[in-house]
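Here it is, the structure in full.
Labels run A, B and C following the written order; every chain starts at residue 1.
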Amino acid sequence: MEDVLRLLQLSINGAATGCIYGLIALGFVLIYKATEMVNFAQGEIMMLGGFIAYTLVGKFGMNYWLGSGLAVLITAAFGYALDALVLRRVIGQPQFAVVMLTLGLAFIFRAGAGIAWGYDSVAFNTPFTNKLVKFGGDVVLGQDNLSIIFGTVLLCGVLYLFFSRTRLGIAMQASSQNQLAAYYMGIPVRRVFSLIWAISAGVAAVAAILLVPVQMVDVNSGIVGFKAFAAAVLGGFGSIPGALVGGVLVGIVEQMAGYYLPTGFQEVTSNIVLLAVLILRPQGLFGQVIRKRV
Amino acid sequence: MSIFAAQDIAMNFGGIRAVEGVSFTVEPGEVFSIIGPNGAGKTTIFNMISRIYTPSAGKLIFAGEDITSIPPHQIANRGIARTFQNIELFANATLLQNLLIGRHCHSQVGLLAQFGFLPSVRRAEIAHREKAEEVIEFLGLQRYRDQLIANLPYGVRKVVELGRALCIEPKLLLLDEPSSGLNVEETEEMGYWIEDIKQDLGVTIIMVEHDMKLVHAVSDRVMALASGRILALGTSAEVQNDPEVIRAYIGGAPV
Amino acid sequence: MIAPFKTGYAQDLTLAKGPGSRIAYAVLLAVMAAIPLVLGEFYVGELGGLFIFAIAGVGLMLLTGYTGLVSLGNAAFLGIGAYTNAILLARGVPFLISLPAAGLLTAFFGVLIGVPTLRMSGLYLAIATLAFGSIIGTVLQKWDGLTGGFDGFAVQTPSILGFKIEGAWGVYYAALIVLVLVVWVSLNILRSPLGRAMVAIRDSEISAQSMGINLAVTKSIAFGISAGITGLAGGLYAHYVRHLAPDSFDILLSIQLVTIVFIGGLGSLHGAIFGAAFMRLLPQAIAMVRDDLPFGLGQLPGLEPSLFGLILVLVIMFEPGGINGRWVKLKAYFAAFPLHRKPAARRQKSYAKSERLR
């Protein structure tokens, strides 16, 4: 019985961390599907989102919901500007030039955050901090973890409705699939791409805010981005549900490895999963193989 | 004896049958053209011969050898060279380097010898260079020799790709739409080169082509495909007057 | 510009084109050999470090700049080389064997990581090598029986035939000799069939294959050579830092190495060396002006990495040819002076080309 409980506990914790990975991975995938760019600074954008929320809620004493919402909007606007000012200019350069570009941006963001907010870890009070939920007496779960899972599910539902029901969402899907055709249909492809960057930055900010009760924000928070790669690759790098499922799986495997394997393994779990997937099943769980036509 | 034979080859992509039950033979020294509307499976056949695709069924025989399952990088050693529909040159290398890469299948120098650029490597390099220069001369590419491919006009690139294939010293040359993207004069010039390659170098050619004038001018035999099946096979005139072919192209009775 | 008159094919195979460049390189080499006689110990040490990073840069340039394979895990190769050399020296193996052994073992690891990643390209390869680098980094930290773990590993002073290679001068000359050797071998590779095969793979895998190039073998060799050269740099790096810390071979170092090839200019050995020079000299330059900067800018802790980031971003946005690209343009400008035409140096507009399919 105790084992089952522990397993449940580990799974919930893992799933919660995994949701964060999944949300970051979702950001990668959205941008990759649309523009074929991979944003290696996604983790850093999340970190910035966390700091912005901290400034609004923790420092200015804004209401949690209001401050969080505003932080998401500000981060999204930042994502939009990033694409419009920087990334739009490198379209057509080799893919790995963009990889290096976003890595460079990550350095700048990290240093910028250090200058603006200092190098200490910060956090702020949320409605979910240090609260527990009891299920049937025996099972005790933290509201913080549950709020992450719940928040992720909710956000995904909203995104799903957005992409399938709204005009703009469908325009985004169209631009992802065929830029030229979308352009001819009168879709302002470049603006749509910038909006996709905005959404992905916004999603990262949501992830940051959900993470606050569990983990404090500091300039190195962006390192989560590297773990999210494992999630995105496991999901097939191009599949939105895949990214989330991949994130949850990586999160759970990581928790299990941390508990059952000797120390040191937890840190590399995500990387081993990543390499194993790339070697054994490069298309991931949900991806498909497409070959170049000659 | 025929130099190349396709025996009942087929190719499926998922559930789609791109090529089905196609058989033909190519005689040494002939120009064999494959025509057909878009999506007829012409390039798929090329990709099967150059082993980029593995046929779902059937056999490919080249010079008496079954090449259906040899790895794609060994096709060039066997003496089969190809060009690509949309030009697949090495864009950030010079023309000369591109031609020398065509000589790759003839180079047998060891790895360590290359590290030290030993005399054996130097001699081999000069021999390759001489061969590449022959091709440059043959196609009149002298003035572009040291230019990057990325800076060359489309028409020249098309010729360079032909030259790169010739550097392999092929027995069988696969030309995938040699005239696509070329203007009228360039197409005419391409026709002359194809004739020269056939007559002077004695290379057998299989060609996919849409320009019927070019097909008519250079082909010994023509095979018409539609929806992955053979419609007609014969001389150019025979195929062009075949009622099936006319129906496939213009969807009605002959005019 | 004076073009040498060509009289034979062999002439195109020589490394130095024309007598002018032969003299220039000889002078450069002589100056490099004489520098320790003139400069103080600190500068000699820093130059030695520069040479080591130039070696690593050349190693990565062969892989990224010429074969088109990106590695974000080359710090791991540097680490493997450093630890192999240090551990072998500690076990009494002479330097003349331990350094090449470090290179060879690292080359073996390079092939090891190369083989499973053969089917990947571009993005996936970058991610996979990133993961590989981070795994090796963790192994270096946790395998304390071999590496000394977090306490680090003290590197012995090497000696050749009883002659101690000590201090900044020792590292300087050792690194200079290895650098010259590595550059010479790289140039040889680039004018040989292997080098052309690498370039072919970079530009079009599908037609490289049709030209008879075995993609798997060539990529593995490229990985092996790149890792081997980086391992040599690592072996020398051990002597440069004298005390190995496992966490110094992290992602940040990998990214620095890639930055070297990018800032230097992809597809040029000159670029690798320019990039290394830039990478090593920038911190010195910052240190020099740090106190004179207005608004206390010099005191900001994140100044260095953010400057690197900023420069990387600017280079990719505005000068994808890197320092070498700028250098070539400058040379052309002076060669044609005063008849230089601006459009000659203008970047061609490039359009989005899908790399999802290969």
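Going forward, a contact is a pair of C-beta atoms (placed from the backbone, for glycine too) under 8 Å apart; a residue touches a chain by one contact, two chains touch by 3 or more.
Here the structure is a predicted model, which is why all the values come from computation and not from measurement.
Enquirer: Please work out which of A-C and B-C is bridged by more C-beta pairs in contact, and write that pair.
Expert: If we tally the contacting C-beta pairs, A-C comes out ahead.
Enquirer: With centres defined as the mean of C-alpha atoms, identify the chain lying farthest from chain C.
Expert: Taking each chain's C-alpha mean as its centre, the farthest from chain C is B.
Enquirer: Closest chain to the overall C-alpha centroid, by per-chain C-alpha centroid: which is it?
Expert: Per-chain C-alpha centroids compared to the overall one single out C.
Enquirer: At what distance in angstrom does the C-alpha mean of chain B lie from that of chain A?
Expert: Chain A and chain B have C-alpha centres separated by 47 Å.
Enquirer: Measure off the straight-line distance from the CA centroid of chain A to the CA centroid of chain C, and report it in whole Å.
Expert: Spacing between the chain centres: roughly 33 Å.
Enquirer: Could you please state the distance in Å, as a whole number, between where the Cα atoms of chain B are centred and where those of chain C are centred?
Expert: For chain B versus chain C, the centre distance works out to 40 Å.
Enquirer: At least two other chains touched by the same residue of chain A: list those residues.
Expert: 293-294
Enquirer: Name the residues of chain B that each touch 2 or more other chains.
Expert: 52, 84, 88
Enquirer: Tell me, which residues of chain C touch at least two other chains?
Expert: 206-207
Enquirer: Touching residues of chain B toward chain C in the complex: what are they?
Expert: Its residues touching chain C are 50, 52, 71-77, 81-82, 84, 88-93, 97, 100-105, 107, 109, 111, 114-117, 121-122, 125-126, 129-130, 133, 150, 164, 168.
Enquirer: Where on chain C is chain A touching in the complex?
Expert: Of all residues in chain C, those touching chain A are 64, 70, 72, 116-117, 119-120, 122-124, 126-128, 130-132, 134-135, 138, 141-142, 206-207, 251, 255, 258-259, 262, 300-303, 305-306, 308-313, 316-317, 320, 349-358.
Enquirer: Over in the complex, which chain A residues touch chain C? Could you list them?
Expert: Touching chain C: residues 36, 38, 86, 89-101, 103-108, 110-112, 114-115, 119, 179, 226, 229-230, 233, 237, 263-264, 267-268, 270-272, 274-275, 278-279, 282, 290-294 of chain A.
Enquirer: Under the stated contact criterion, what part of chain C meets chain B in this complex?
Expert: These residues of chain C touch chain B: 9-10, 12-13, 185, 188-189, 191-197, 199-200, 202-204, 206-215, 221, 267, 348.
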